[in-house]
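A short write-up of the structure that comes next.
Labels A, B and C are assigned to the chains in the order they are written; within every chain, residues are numbered from 1.
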Amino acid sequence: MSHGGKNRVIRRALEVIRSFFSTMSMAHRQQVVELTTLEMRELENMFVLLLMGSFTGLPAPPSFISVELMPYLEHELKVVNRRAENSSDALAEMAGFFDVT
Amino acid sequence: MTTLIVLVGVAVYVGLYFTYGRKLETGVVKASNENATPAHRLFDGVDYVPAKTPVLFGHHFASVAGAAPIVGPVLAMAWGWVPALAWIWFGNIFIGAVHDYLSVMASVRYDGRSVQFVASDLITKRTGKLFYYLVFFLLILVVGAFSAVLGGMFVANAAVPSAYIFKIVGALILGVLMYRTKLPFVVSTIIGIIMLIVAIWLGTVAPINLSRNAWFLIMFFYIIIAAAIPVNVLLQPRDYLNSWLLYFGLAIGALAAIFSFQGFTAPAFTSFSPIVSAGKPSPFWPVIPLIIACGSLSGFHALVGSGTTSKQLTSEKAGLPIGYGAMLFEGFLSTVVVIAVAGFGLQLMTDAGQAISAADWGSRYTPAMMATYPSAAMFSNSYAAMVATTWLNFIPRDIVVVIAGMWVASFAMTTLDTTNRLARYTLAELFLPLQTKSEGVYKFFTNRWIASLIPAGIGIWLGWSGSFSMLWPSFGSANQLIASIALLTGTAWVAKRLKTKATIALIPAYLLWITVTAAIIWFSAVVLPTTIANNPATGIVVLVIEIVMLIMNIVFIIDFLKTRNLPAPAETEA
Amino acid sequence: MKTIFFTGKGGVGKSTLAATLAWQLSQAGNNVLAVSFDPAHNLGDIFGKRLSHRKKRITDTLYLQEADLDKAAGTYIEENIGILTQIYSYTRAFNLDVYFKVLRHSPGVEEYAAVTTMEQIFREERTFDYIVFDTPPTGLALRILALPNITITWVDRLRRIRRQILEKRYTIHNISGKYIEKGVRLPFEEKEDPVMQRLEILFKRYMNLYKMLKGAENTIAVVFNPDYLSLRESQRIVTGLSDLQLPLRVAFDNKFTPEQQEVACEVEQQLFPGTDHVDVVRVPMHGYAREGAYQMSFDLTKHFVP
C-alpha cells in the first residue's frame, strides 16, 4: 500500500475510534442526567399547573402573574401537554427509567 | 470447550440476527426508513427527541440488563449445559428477542405508547389493566428473589457487601463531584472508576461479616431510604458506576471465556427433570422459562421498550439492533455465565467438600450449589476460576470474585430500590377505582410511606423466609406471564394492524402461553405444597399470588381468543 | 411622603372625610394629592370639579385624581394580549385571541389595576407630603390591600420552584450541554431566564408596596356611622385589616349627633373592644351639602399629624 493509502486507513481508524468514544461519552453524559431531566420536567409541569390553575379550577395565583409569565413559558407548556397525554400510560414511561430486571 | 462455545454462541447470534432478525424486520414488521418515527414526527424537544442509535442501544441495554441474566443460568445448569444453552440461544432468538422487538416496534407505530396501551386498544381494556396487576406482583416477587440472592451472596462472601458499601460512599462522592463542582466530566469519571476499584479492593481487605437476618434488615431499610433520596445524591452516580462495572465485568468475562481453553466438567445433559426448584424434580418443559428469564425471555422488557426507546428511535431500521440486538447481547452474557459454571463449577463444589460428580449432577447440583456457593456466588467464583486460567490471572483471584459479585450485587440492589419507586405508582393505579367508593382505604394505600412499605415489606419478608429455589421461579412466573401476554399482544398487532402473516410470531406466542401456564400450574401444584409445609405463611402468600395471576391469565386468553378475529378499531389520532 | 387610606362602607361619608382631610392638610401648607379609587367618583363631586385619571391641580398645594380602574384594566389586558398573541401566533389562526380578551373580566384584574396604579403613584408622586386615598367599597378595598401580600406569597413559591428548575437545568447543561443533539436551548442562569427575572421584579415591587403599606408612613382610617346598619361591614373591614397586619390607626365615627350617644358608644365598643392604639374620633354631623363639604370646620389633621 502506498503511504497515502496507509495514512488514509490510519486516519479512518482514528476517526472510528474517536467517534466511538465520543458516542460513549455522549451516552454516559445523558445517562448521568437522565433522572435529573425527569425531575426537571416534573417541576416544569408543576410550575405551569400552578400558574394556569385558574383555568382548570385549581387555586391559583392572581391571574396577572400568570398572564405576565405566560409569554415566556412556551417550552414548559409543551411539557405540560406531553405530560397530560402520557399520564394515562405512565407505567411505560417509568419502566424505562427504572432498572427492574 | 469454553472457547468453542463462546465462538459458536457468537456465530449463532450474529448469524441468526442477520437472517431471522432481518426476516422479522422486512417480512413481518415491514420496517422502513420511509416511515418517520415518532421521534421526528412528534418531535417536541422534551420526550420525543431522536437519539443516536448507539447511544439508544446503550440506554436500552442498560435498562434490560440486570442481575437476572446471571442468576438464572446458574440455576438452570441443573439440566446440564446443553439444555441451558439451547434455551439461552434459541429461546432468545425465536421467542425472547422477537418479544422485545415486536414490543418496541408496536410501540413505535403507536406513537410511543406502551404495550399496555396497545393491548387495551387491540384486545380489551381489561387486558390493559392486567398489566398493572402483573407488574405489581412482579415487583414484589422480584424483591423477594433478588433479596434472597443478595442475602445468600452477602453471607457466602463477606467481601462483596463490604465492597458495595464502599462503592456507595464512592457514588455519594461522585455525585458531589459531578453535580456540584465544575470538574470536567471526564475527570469525575476517572475519579469514579478509581474509587470503584478502590472499593473492590477495600472489600477484600475489610469484609463485613453479618448474619443473614442482619443483611435482610439492612436491605429493607436501604430500599425505603434509597427510594426517598434525591436522584442526584445517590441513584444517578451509582448507576453510572454500575455501567463501568458492567463493561469491565463483561470484557473480562468474554476474554476469559475465549482464552480459557478449558473443557466442561459439567455434564451436557443430566435428565429431563433434575432437582431444581425446592428439591423437586423439575421438568425442562415447561419450567425452563421460569428459571432463565432475562438472557432469554423477559416480560418486563416489553414495558422498558416503550418508555424511552420507542420515543427516541431515529429510524425504523434502528429498531432491529436495539430491540432485537440488545436482547441477543444479553443472551451472550448468559452464555458466558453458563460457560463459567460448566467449566469450573464442579471443581469449586468438590473443593468445598461436596459429593458431586458429572454422573449425579442432575440430583446433586442444586443442593450442592446452594450449600457451597448459592446462586450468584456460584457465578462469581466460577467466573474467577475461569479468569484465573487465562493471561488475565495477574488480577488477584479474590479481587475477581468480588468484581463478579459486585456486578451482580450492584444490579440486584438497584432493582430493589427502583422497584419500590415503581411499586408506589402501580399501587396507586390499582387502588384508583376505590378512590370514590372507599376514600379512606384509597388514602391509606396511596400514602407515601405505606405505599413504599407494603411492596418492600412483603418482598423482603418473602426473600428472608422463602427458599431461593422457590422464589426465583415465582419471580420468573410473573415475569414470563407478562412476556406471554406481551408477545400475544405483539402478534395481535402484527395481525390486525400490519396485516402481515403473523405465523412467525403467533406459533411461538401460543407455545409460550401454553408453556407459562403449564409452568405456573406445575409450580403451584408441585413446589408450593413443600413450601407451605415448611413455611406456611410464605407459601400461602406466593400461592395466592400465583393463583390470582393464573386467573388473570385465563381471563386474558379468553379475551384474546374472543377478539382474535375482530378487526382493529379505527385508527384514532394520537 | 405620608399616605393615608380612607376605608369604610359606602355612604358613611368616607369620601367626604378624605376630601376634607386633603383640603385641611393642603391649607396648612402641605403638598397634598388626593386619589379616589371609588368607582362612585365622589371626590370630583365634592370639589365640584371634573376629575380624570391624570391628576388635576386645584390649588398650588392640592391635586386631585380619580383612578379609572376599568380603563387601567383594559390597557393592561390589551398590552398583554398583544404579547401573548405575538408569541403564540397560532392563536390568531384559531381565533383564540378572542378568548384572551375574556381575561379582562377575570377575577383579580380590577384589583391588579388598582394596585398598579397605587404603586405607580407611590413611585412617581414622591414630591407630595401627603397622599390621601379614597378606597372603593369594602370587598374590593380589602382585596386591593391584600393583593401585595397574596402576590408576595405566590411569587415567592414560584420563585423557589423556578430556582430548582434552573438548578437542574444547570446541572444538565454542565454535564451534557454540548451534546444535546436536537434539543432546545433552555436558559439556566437566573440572569438569562425571563421568567425568573419577571418573578424577581414582581417580588421586589410588591415587597416594597407591602412594606410601604405596613410602614410607619402609612395610616389606614376606617369611617363608620353611629348606627347598627354599618356595624357588620365595618367589623369586616377592621378584621380584614388586622388579618393583613395593616396599620389601622384612626377610626371616624362620622355624622355623630348627641342623640345617638348610646348607640355610638355601643358601636364603638363593638368595633374596637379595648384596642387603645386606634384613635376613635367622633365627627359631628355637619350641615354642608355634598359640594363644599370639604370645608367643614372640624379639624381632622390633628389625628394624622404627629
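The rule is short, and it goes like this: a residue touches a chain if its C-beta (ideal position, glycine included) is under 8 Å from a C-beta of that chain, and two chains touch if they have at least 3 such contacts.
Keep in mind that this is a model prediction, so the values were computed, not measured.
**Student:** Which two chains have the most C-beta pairs in contact?
**Tutor:** A-B
**Student:** Using the mean of all protein Cα atoms as the middle point, what chain has its own Cα mean nearest that point?
**Tutor:** Of all chains shown, the one whose C-alpha centre lies nearest the global C-alpha mean is A.
**Student:** I'd like the Å distance between the centres of chain B and chain C, where a centre is the mean of that chain's Cα atoms.
**Tutor:** Taking the mean C-alpha position of each chain, the two centres sit 64 Å apart.
**Student:** Express in whole angstrom the distance between the two chain centres, defined as the mean CA positions of chain A and chain B.
**Tutor:** Roughly 26 Å, centre to centre.
**Student:** Counting in whole Å, what is the centre-to-centre distance of chain A and chain C, each centre being its mean C-alpha position?
**Tutor:** 43
**Student:** Of all residues in chain A, which are in touch with two or more distinct other chains?
**Tutor:** 25-26, 29-30, 32-33, 36, 39, 75
**Student:** Quick check on chain C: which residues sit in contact with 2+ other chains?
**Tutor:** Touching at least two other chains: 171, 175, 184.
**Student:** Would you please write down the residue numbers of chain B that are in contact with two or more other chains?
**Tutor:** Residues 45, 51-52, 178-179, 185, 232 of chain B each touch two or more of the other chains.
**Student:** Help me check something: in the complex, which residues belonging to chain A touch chain C?
**Tutor:** 25-26, 29-30, 32-33, 36-37, 39-40, 43-44, 46-47, 50-51, 54, 61-65, 67-75
**Student:** State the interface residues of chain A toward chain B in the complex, per the touch definition above.
**Tutor:** 23-36, 39, 41, 75, 78-79, 82, 85-86, 88-101
**Student:** Can you check the complex and tell me which residues of chain C touch chain B?
**Tutor:** Of all residues in chain C, those touching chain B are 171, 174-175, 181-184.
**Student:** What residues of chain C sit close enough to touch chain A in their complex?
**Tutor:** 76-77, 80, 83-84, 86-88, 103, 106-109, 111-112, 147, 150-151, 154-155, 157-158, 161-162, 164-165, 168-169, 171-172, 175-176, 179, 184, 186, 194-195, 198-199, 202
**Student:** Flag every residue of chain B that touches chain A in the complex, lowest number first.
**Tutor:** 44-48, 51-52, 54-55, 58-59, 62-64, 66, 68, 107, 113-117, 131-132, 135, 138-139, 142, 178-179, 185-186, 189, 230-232, 235-237, 239-240, 243, 293-294, 298, 300-301, 303-309, 411, 414-415, 418-419, 421-422, 425-426, 429, 479, 574
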